[in-house]
Amino acid sequence: MIIQLDSDITPAEQQQLADKLASIKFKPTNVKTQFANYLIGVGKEEFDIRSIGNLPGIRDIHRVSDAYKLVSRKWKVNDTVLQIGDDIQIGTGHFALMAGPCSIESEEQIAATIQHLKKNRVKIMRGGVYKPRSSPYSFRGLGIDGLKLWHSMAKEAGIAIITEVMMVEQIEAMADYIDIFQVGARNSQNFNLLDALGEVDKPVLLKRGISGTLDELLQSAEYIFSHGNEKIMLCERGIRTFEKAYRNTMDINAIAMLKEKSHLPVIADPSHGIGVRKFVDKIALASIMAGADGVIFEVHATPEKAFSDGQQTLNFQEADLLISRMRKAFRLREEY
Amino acid sequence: MIIQLDSDITPAEQQQLADKLASIKFKPTNVKTQFANYLIGVGKEEFDIRSIGNLPGIRDIHRVSDAYKLVSRKWKVNDTVLQIGDDIQIGTGHFALMAGPCSIESEEQIAATIQHLKKNRVKIMRGGVYKPRSSPYSFRGLGIDGLKLWHSMAKEAGIAIITEVMMVEQIEAMADYIDIFQVGARNSQNFNLLDALGEVDKPVLLKRGISGTLDELLQSAEYIFSHGNEKIMLCERGIRTFEKAYRNTMDINAIAMLKEKSHLPVIADPSHGIGVRKFVDKIALASIMAGADGVIFEVHATPEKAFSDGQQTLNFQEADLLISRMRKAFRLREEY
Amino acid sequence: MIIQLDSDITPAEQQQLADKLASIKFKPTNVKTQFANYLIGVGKEEFDIRSIGNLPGIRDIHRVSDAYKLVSRKWKVNDTVLQIGDDIQIGTGHFALMAGPCSIESEEQIAATIQHLKKNRVKIMRGGVYKPRSSPYSFRGLGIDGLKLWHSMAKEAGIAIITEVMMVEQIEAMADYIDIFQVGARNSQNFNLLDALGEVDKPVLLKRGISGTLDELLQSAEYIFSHGNEKIMLCERGIRTFEKAYRNTMDINAIAMLKEKSHLPVIADPSHGIGVRKFVDKIALASIMAGADGVIFEVHATPEKAFSDGQQTLNFQEADLLISRMRKAFRLREEY
Amino acid sequence: MIIQLDSDITPAEQQQLADKLASIKFKPTNVKTQFANYLIGVGKEEFDIRSIGNLPGIRDIHRVSDAYKLVSRKWKVNDTVLQIGDDIQIGTGHFALMAGPCSIESEEQIAATIQHLKKNRVKIMRGGVYKPRSSPYSFRGLGIDGLKLWHSMAKEAGIAIITEVMMVEQIEAMADYIDIFQVGARNSQNFNLLDALGEVDKPVLLKRGISGTLDELLQSAEYIFSHGNEKIMLCERGIRTFEKAYRNTMDINAIAMLKEKSHLPVIADPSHGIGVRKFVDKIALASIMAGADGVIFEVHATPEKAFSDGQQTLNFQEADLLISRMRKAFRLREEY
């Protein structure tokens, strides 16, 4: 059960509500976000929902049977559209593009990428400064200094930044230099990190775990929301299956299903989704037809020379073509 | 190694070739199809391919390192386009639609379906008369009598028939009444069935096993081809993964990859691919963007009352809309 | 619902029962096996089971909510023990060993294997004469002639034969020369083959599909049973997962669970289960501790020279050691 | 390449070695653990290993082609045996038992568990004080206060403590109160956490990710080792597959394979491995036969009333029986 509280609910009214919930043995959790105050009640007893809904100080109340609550469409029927800066909107009716290298490498690389994005009217740049790597002997990113350089250049160009955060301690240091926090697949159930991202007023793009179920993804989103941050995007980035013809198996079905289960925007990551450069375009276009609100992909001036693994990275020419095709596909979908 | 033989190769020339292959320890397999004579050589020794290619009686020769040979694009660079009857072409540049019920049920049902297909200019009707069912206590189809009735009605309407064959003994009895044999996911590695279908001059739509790799699918296709039948379509119909939010996980990546690995047409089956009615349309459209040469899907006047499980079956109205959208998506793709 | 009928039930009593089932809208299926007559009723209405159980001509009646019925432990609480020939028993309280090469190759090979088995008091020899192979260009077995040779040698030595049957047409030709039919993983849902094996009075070892669920395996066993053959063994032989460090992932959990869900004997196939020779012993012993009633494994005088893939095949010395260890492990388990 | 340095290597000798590595373009990483100093070189050029091995200040040198280095058996042929306190040894030749509740709940619960362990001569108690939970609305553990209480009681009883650490910030606070850090499946690739655990001189039990490959697990162990901590145990705790008859699929194969690939001890977690109480015993015994150096399992006085999910938790009586059986199985294995 989710109860949205009036912004001016009085302490006495709150106590009355608490007593009522206690009487039906519902465990209450208070949630205060950027936008509203909620009370989540978890319990099993049957009761007349109007007996709570009619109490003073309550704006709205719904039963939500899903394991996740606030991110469920059963709570919020209308799609969430995130506003980022002045001119970026992410969610139904808009098409978001985020592109850039796997890793931030150098001033030259950042400059070339920004130029490419500007030319294509892409407003969000991706890139890693903290890199999760299977092996401890691999390059792990330029860190906060790389981020500061990137930020200064991106800001001047009017480009927003999305980059991965890997641990709680990084959040504060990063917050001033980024526009969207990305949570990677390996941290999809790093609950302390999710808790902490719930306490920041910055959008979070949350990737599905490499073998995470949709339910787990939505419950991870619920962690962020229930700690106070409603600005969440879900991201499908390929799952692990028996098939080894590609590095990952993009689960196109997830895009369609997540749009149904949740009101949050859904972003597709075709680069990691299939992990094979020559198929990124087809998977990106397929994702749009399946309902994605945006696409995040890897692009680099010279993928073969990228610091990190460039097997899934497009070059600028390939990206130019893909962006134009994606916009056409999005327009076709919107006409349906 | 694949060697295509001249149609008028002499016995002496064949002997010369056999001797040459024996000398480099290559195991030969003769393949005679509707269209050509081949000799497949499997071996490991290094040799100068020209020393064979220059022999008399040989039209073409290629090394093919894949486990599958004749179905590989390394052998045949140009896409195969199947001709079915006078007016149906399946393969690159064309968009094939096959629709109909899960099971053939009755004269009324066939009539209604045909009318629906005609209205939408769909030229191939699907439907099961032999049904593979997990439980022995489930409805297993109307059998050959159902097929004969269906055939007489479809023929009159100028509609081609695709239906599943489950065992070798059925092939001969069915052959006169169908236009395309379908091999279901559970029989994707029923090698005796594949052998036998190689000996018929009828197109075969071969479905990927529920956890079949692309390599296995292509080797299964090789069974059919190497027994004499070049008319093969590959079909992605969803795989089994850890995710249980949908009945199957449509592997959109397979469509892109199969078009790359093989010259054969690739058909998408979104109905089984995701197995959830309300998402069939999105998965169908995504499949087209990923490169599918056609779509096979389930439609029924009243899905709720279908004999077999109708959870993934569209009604006529939904199908009307989907067909129109698919054609638009195909046209957009062709413009790229 | 399963009803076991008296052997002398009269036509009138049968009619009375049929009428009763019709009145509660249960669909009846008659099953006549080597051992008994059953009537399976499938339906959804509530009714008092005694109103049927009290009818004349009925020996026993149980509700079985599983999708499979006759193979369920809910129908038959006591474990099934199969009697093969005079001196082999397979099922709880006994430990069955079946060993031999992947493929039957030659008289010498058969002789050497039989000698090895006799020395180790192993009474059942495995070996393939019809081989399912992914590629059409691979060795597909010696066929019926190989089987006849093998049979004459095994009979003289008092060794029983288990070998794979791949298609309905082979059953009759093979029946006189084998003691146990094996259904391979790829045919685990070849329903026509299962139907036909239900009509033979020979034991069947049914392997789980490469990604078959336990429910599917049990429903496949139900096909055999419901067509008249109660002599069934279930076999775990490894499943397909994301992990590629081994060829297959032996699902030890399945052994424990199948013994719980069904009364049928459960055999472990560690050779295919993990597919790596050096680990076959550990997986075999683990399977016994998980509850396996027997183990089938591959052994060859010179695994490196075996016709078929010998990666998972033990040599005689390794097999000697394993057999002795398995018997100790089985004794320890029985003492618990 | 791994180079073990003499403890008294001089700066000049180190420089000579660094120059040599630079000359063959190997990237060096210095590793200093509790026990030794290493230099890991990663590169691709061919060179004569003796040209490095003969330099002064070098104790040992080996090529290791695996992605992981120091945890590989190619580096260290002999099994690692961990010494914990005065009387606990974990590794080949010893059998380690760790048991206790899912979550630490109360003084009474701790007391009852300790009594049960003492009676069974189990020296290590497991229990969660920080709980990773899919849902933010679930019980998340008693935290550091619970740990302090537990520690004082366990210390008095001479019982060692293993418990899960979820974030870097917890390490320091926990270190005085625990004997073994546990890294849960969801944090198996939380690289910052692994880094930080490498800097503590406490044993770490590292669980495989829910769909982590063995290679990933070993590379995660390499993170800990290469940051300075050699005291690592690997733990198989079930993977995610298509099969839903059990909560997880215990991958018994992993136990055999990890013992081959690495010198580190391998612990089995049958409770989570299958996730079904009635099968925990069979899976535990199977794990021992597959080569496990120890077993960690859940036990609770009244599993039905446990704070956290008790579906996989044994009661005391069941645990008594299992412990006795496991010791017999271990003895049988050691006799082989």
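We call the chains A, B, C and D, going by the order they appear; numbering starts again at 1 in every chain.
Simple rule for what comes next: a residue touches a chain if its C-beta (ideal position, glycine included) is under 8 Å from a C-beta of that chain, and two chains touch if they have at least 3 such contacts.
Being a predicted model, the structure only gives us computed values, none of them experimental.
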Maximum centroid distance from chain C, chain identifier (CA atoms): A
Pair exhibiting more inter-chain C-beta contacts, A-D or A-C: A-D
Centre-of-Cα separation between chain C and chain A, whole angstrom: 49
Centre-of-Cα separation between chain B and chain A, whole angstrom: 39
Whole-Å gap between the CA centroids of chain A and chain D: 33
Residues of chain C engaged with two or more neighbouring chains: 211, 215, 240-242, 244
Chain C-facing residues of chain B, complex: 27, 29, 40, 42, 67-69, 132-137, 166-169, 186-187, 189-193, 195, 210-211, 215-216, 219-220, 222-223, 226-227, 240
Residues of chain D that touch chain C when the two form their complex: 211, 213-215, 239, 241-246, 249-257, 260, 273-274, 276, 278-279, 282-283, 285-291, 325, 328-329, 332-333, 336
Chain B-touching residues of chain D, taken from the complex the two chains share: 211, 240-242, 244
